[in-house]
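Structure first, then comments.
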Amino acid sequence: MLVVRPAKPADLPGLERLAGTATPRLTNLPAHRDRLEERITRSQRSLAREIDFPGDESYTFVLEDLERGEIAGTATIRAHAGAHEAYYTYRQETLIHASQQLNVRREVQTLSLSHEVSDASLLCALSLDPRYKGTSAESLLRRSRLMFIAQYPERFAELLAIAFPGYLDADGESPFWNSVGRHFFARGYQEMNHLAGVRSKSFIAEVMPQFPLYLPLLTPAARAAIGREHPAHETALAEMLAEGFARSRHVDIFDAGPVIKAERERLATFRHSTWHPVRIRPATALPDAEPALIANQKLEGFRCVVARYALSPTGQLMLSPEHAAELGVEEGRAVLAAPLGLPDADDAFDEGEL
Amino acid sequence: MRIRPIARGDLDGLQRLARETGVGFTSLPDNRDFLAGKIESAARAFEERVPAEERLYFFVLEDDERGELAGCCAIEAQVGREVPFYHYRVGTLAHSSVQLDLHRTIDTLFLSSDHTGDAEVASLYLRPEYRRHRNGALLSKARWLFMAQFRSGFPDKVLAEMRGKFDANGISPFWQCLGSHFFPMDFNEADRLTGLGQKSFIGELMPKFPIYTPFLTEEARACIGAVHDDTRPALEMLKKEGLRWEGYIDIFDGGPTVEAYIDDVRAVRHSRLCPVEVAGSEPESTERPAWLVATTEMADFRAAWVGRGPGADGTLTLSDTEARRLGVTTGDSLRVLET
Amino acid sequence: MLVVRPAKPADLPGLERLAGTATPRLTNLPAHRDRLEERITRSQRSLAREIDFPGDESYTFVLEDLERGEIAGTATIRAHAGAHEAYYTYRQETLIHASQQLNVRREVQTLSLSHEVSDASLLCALSLDPRYKGTSAESLLRRSRLMFIAQYPERFAELLAIAFPGYLDADGESPFWNSVGRHFFARGYQEMNHLAGVRSKSFIAEVMPQFPLYLPLLTPAARAAIGREHPAHETALAEMLAEGFARSRHVDIFDAGPVIKAERERLATFRHSTWHPVRIRPATALPDAEPALIANQKLEGFRCVVARYALSPTGQLMLSPEHAAELGVEEGRAVLAAPLGLPDADDAFDEGEL
Amino acid sequence: MRIRPIARGDLDGLQRLARETGVGFTSLPDNRDFLAGKIESAARAFEERVPAEERLYFFVLEDDERGELAGCCAIEAQVGREVPFYHYRVGTLAHSSVQLDLHRTIDTLFLSSDHTGDAEVASLYLRPEYRRHRNGALLSKARWLFMAQFRSGFPDKVLAEMRGKFDANGISPFWQCLGSHFFPMDFNEADRLTGLGQKSFIGELMPKFPIYTPFLTEEARACIGAVHDDTRPALEMLKKEGLRWEGYIDIFDGGPTVEAYIDDVRAVRHSRLCPVEVAGSEPESTERPAWLVATTEMADFRAAWVGRGPGADGTLTLSDTEARRLGVTTGDSLRVLET
């Protein structure tokens, strides 16, 4: 059985391994023991605290394979991206240069440094053991965070955002970084990425150009990378768009990866999740049904699994004793369930964005 | 050879010059109406019929033996009064982080109209057959004597815009890299419109945010503050007078604008008034005359090389030819500069 | 009976009167005969043209009181706000200035010149004879434009925007203009407003400061005016928020009036409008029913009225002969109907805006 | 009285000066460790044990009769090498519209690190009881002789930052209007941190976009480029040397930074080397000495006023006292400046 639960100190070696194998290496998941240890501590402190509105909390989860006794994945939510320091992005803008004298109108694209994503809660630092790619474990790890947010709305912002790793070429180089950041930071992408993870992304952001960049002055390769996700994250991006996220005008300041965002009540997991009382039945006796994400109603003891969405005629959710035990629920206790399936992805800009 | 204000009768001669200058000398298009307007406006300036700050002084170099125009030059009393006067200014921005132990400065081009209200020396052209006997220096330096003489009619600073660098195909790499993305025309057309004073398209279309030079191509960066090969002698002459490049460049080709406080210009500092005595004898002719003189009245302004400097008593002795050329007689004063 | 229909040349005196009585005077409805005449011509040309996607069309409507034989109101739609030249707004942004050295975090508000609203279709230039204030004529005039857009979607952008007149003080002065625009334009608000109407708003925009403005440097009165509508437009704003528009980060560059926006499919009029075949019945025989906006399906002959939403059991809309005649429909022809009533207003920022 | 490099034995004396200077003289905080570090770094500079561009030359004015320190001054060879060096630069932006027949220019403050790499003269302090007999001028001008003598160790330009204008309550209207919105501290604290070289908060917190001056209060605008009353004499002295305000101001108080090309500085241009002859007789004592001299070795650098200038043969005759004060004997050379 696979279960998502909050990270604890014993997960450190697992996290370290996942940080090291992430493709590409993630700025927000550095393979650095001290940083990861801090992250677990911070997550535990965040869960233990009473919270009325989002602040500098950060919640780190792991996906555990109970059969193998292994940590197979990790993911994090930052309650308020800009709690401490600005969360920098580039915002794509279009300027219209019109000349009365020449009777022409030209559109000029720019990238402006922005702090707006600072207000959002951020889903980040996801890494999954490659052996689990393409299985429901991927959705479980990714979307269990939404199940958590759905239960503790006061801990998170109305707006959720995800920054996807940006396009890197076959050599692991970022064409965008090479055309932009490198001039100001004088180091290669991988080195910067490592430093940003170990130190702070905003230190580097402060070195970046403060005035808007004119796209025509970037290299064609850099322009092509704007808003383009890393090939290894295409499926993940598609799933999150199907979930109800929309591409925003924002991209990562280092690799120009896309930032997607959603008001949380527009997300499928939120809209279709329902509370059900639990009825426990032997696994063999459970009727066939579509798979669903099932989460218990505990903060520090949060658990989320994938199980069949088997409802009794009276609306009770039928769980196997194993699932019930892992979720820590007995008969009659409520769990939150949301279908694993999602509508077709709608990969489009949010037209409503002004 | 002598410098004098352009006169209403010079239209044919000026048009001949305009035809010769060709592309790239945008202030003198081969357009008779435009040139006639230019002469009229210059005439009114020398006649002091417009306020000092609005005057465009346009001079010609006249071959007083053959009675033809050999070149021209101009002084604009204050630029940017009617239409905005744009430059890019190369500024330095610190990009630093104590935490990352990083400290760099990045050259950045800022749109600027800092020179609004400064004087400009411009439009210097000398016909090829006259490019000898320091005629070029006469055209260039006569303007300093004029400014020294009528100092109160000019502001603190003076500037000169130098043509930028072009490649072997006559293309400006700076324009190619920057301007071409914003202006839907080729360089020559942009330059031509600007020369005609039709500049509003610049403000309408040009990028308004600063440009970080690392985003420019290497070739374009090499154009920042670099001059066209043909312009190098003119730049050297201005530098000797004390004009310096302070980081302002042309928005189209990246060529440098050099500038100085007028009171610091060598020729302005060192020129002085001397009484004149006309003696019959001709001075030794020289291919490299060293003494430049100019008259003291605006409407009758004349400047020319003379064969000798002032004597021990401070009096300048002129030959009859020189005196005639300058329109002075014994007892008049001349502004004198040793070069 | 009151009817909204496209403006025609004979409406010019009526338009002139409405432009002169608009409170406050509208930049986009100058009391200038030549401009208004141009506007009518342009509207007629726009209606006559075949259109596949929005361009520089502009559609001007009038509200006619058939009993009085008077023009009682006017309103316009610009198909593409930035078709010719940029449509400038100020976009409110928040910068986070954080100091590691001092361990502080400060939020700094700015206003950045933006061209983003250029992509929207703009509802604008609305003026209503004061005698009709507070009646259903107000909603009819305002929302008949949505009924028009609903029928000709290819002529308009997905995104609709409305710039509401901004706050003016008792003397008709704009505190925002006095703190911002006046420095650059050297003229009072009313004079500028007149000039902007007769010439072009974008001429003036080009004179305005191009770099972001720091709010702490504006006067308190100017800051208080940002995003605040003119008192005479409170009801109108409330209705449009109820319709489904949301406040955006954008405000007018001259008076800082709020710009509201919506994806059109989120608007109540779009969501609740339905086609019905017409059945004609004497006015006295019509059953009691809620009022509705009823529009015919004609481009140049567009008509929209308020009538009872009286449906037959088979879904036919029962109209009086007078309404049917005015709409130019006979029995069996389809009309578009939408309830006049709207849900409660939700006056909030669009949280999804990044 | 003489100028000499600060020495390791001067710590007590320097601390006494630091105590006197008080608030507002941020480069000399009353902090013994800091001062000891400063002396050590200066000593290493004069000993040429650090690269020329990293040197901070710190001088003291010594009362060689009473054996006490009367004042100090410094030259930083190149500013902005370790930490960013910020100014606002007052630039002019055109705000024009042909269609509206409008043409204005708006002064705008641009954040700038343009002066990165320039030399700076700074930290001049003279104890009140010594404010006579041109001791102030000695402190100020000795630095020009030093730079003239060791010209190759300095860049093209030199600058000096002048304290800005404060109101009767000791408040800076410029800070009040601008900085106070961005920095969570009072002016003195901001100034103190900067003086200690802890400047990273500036880059972290200050506004990065240009500031349009019309948005500042009238009082704040009046501070742009205006100096504190106490600083006016120092500014006048620098202006006489040819330093000018080119639009750069302090980001906190708006005070002007004046600057010049080092080769243009009057004292640098006009000082020259003269052979020395020591004669027994004392020169006439004067309250307003006119001849400033300086020695030619860096580690033993000395500068002082002397009673007379070079004779017709170019030799400078010194009294025994003067020679002792400067540490020179007949046959040595001195750099001499008539003031």
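By written order: A, B, C and D. Residues from 1 in each chain.
Criterion: contacts are C-beta pairs under 8 Å (C-beta built on N, C-alpha and C of every residue); 3 or more make two chains touch, one makes a residue touch a chain.
All values derive from a computational prediction rather than experimental measurement.
Trainee: Does B-C or C-D have more contacting C-beta pairs?
Mentor: Between the chain pairs B-C and C-D, C-D carries more contacts.
Trainee: Among the chains, which one keeps its Cα centre farthest from the Cα centre of chain B?
Mentor: In terms of C-alpha centroids, the chain at the greatest distance from chain B is A.
Trainee: Nearest whole angstrom, what separates the Cα centre of chain A from the Cα centre of chain D?
Mentor: 55
Trainee: Please compute the C-alpha centroid of chain A, do the same for chain B, then give the distance between them in whole Å.
Mentor: Centres of chain A and chain B (C-alpha means) sit 62 Å apart.
Trainee: Of all residues in chain D, which are in touch with two or more distinct other chains?
Mentor: Counting only residues that touch two or more other chains, chain D contributes 93, 96-99, 200, 203-204, 209.
Trainee: Where in chain C do residues touch two or more of the other chains?
Mentor: Counting only residues that touch two or more other chains, chain C contributes 97-98, 100-101, 203, 206, 210-211.
Trainee: So in the complex, the part of chain B that touches chain C is made up of which residues?
Mentor: Per the touch definition, chain B meets chain C at residues 98-99, 203-204, 208-209.
Trainee: Tell me, which parts of chain C touch chain D in their complex?
Mentor: 97-102, 104, 106, 108, 110, 179, 183-186, 195, 199-200, 203-204, 206-214, 216-218
Trainee: So in the complex, which bits of chain C are touching chain B?
Mentor: 100-101, 206, 210-211
Trainee: Any idea which chain D residues touch chain B in the complex?
Mentor: On the chain D side, the touching residues are 80-86, 89, 91-94, 96-99, 103, 105, 110-116, 200, 203, 244, 247, 261, 264.
Trainee: Quick one: which bits of chain A touch chain C in the complex? Just the residue numbers, please.
Mentor: 82, 84-86, 93-98, 100, 105, 112, 114-120, 158-159, 161, 202-203, 246, 248-250, 259, 261-263, 266, 350-354
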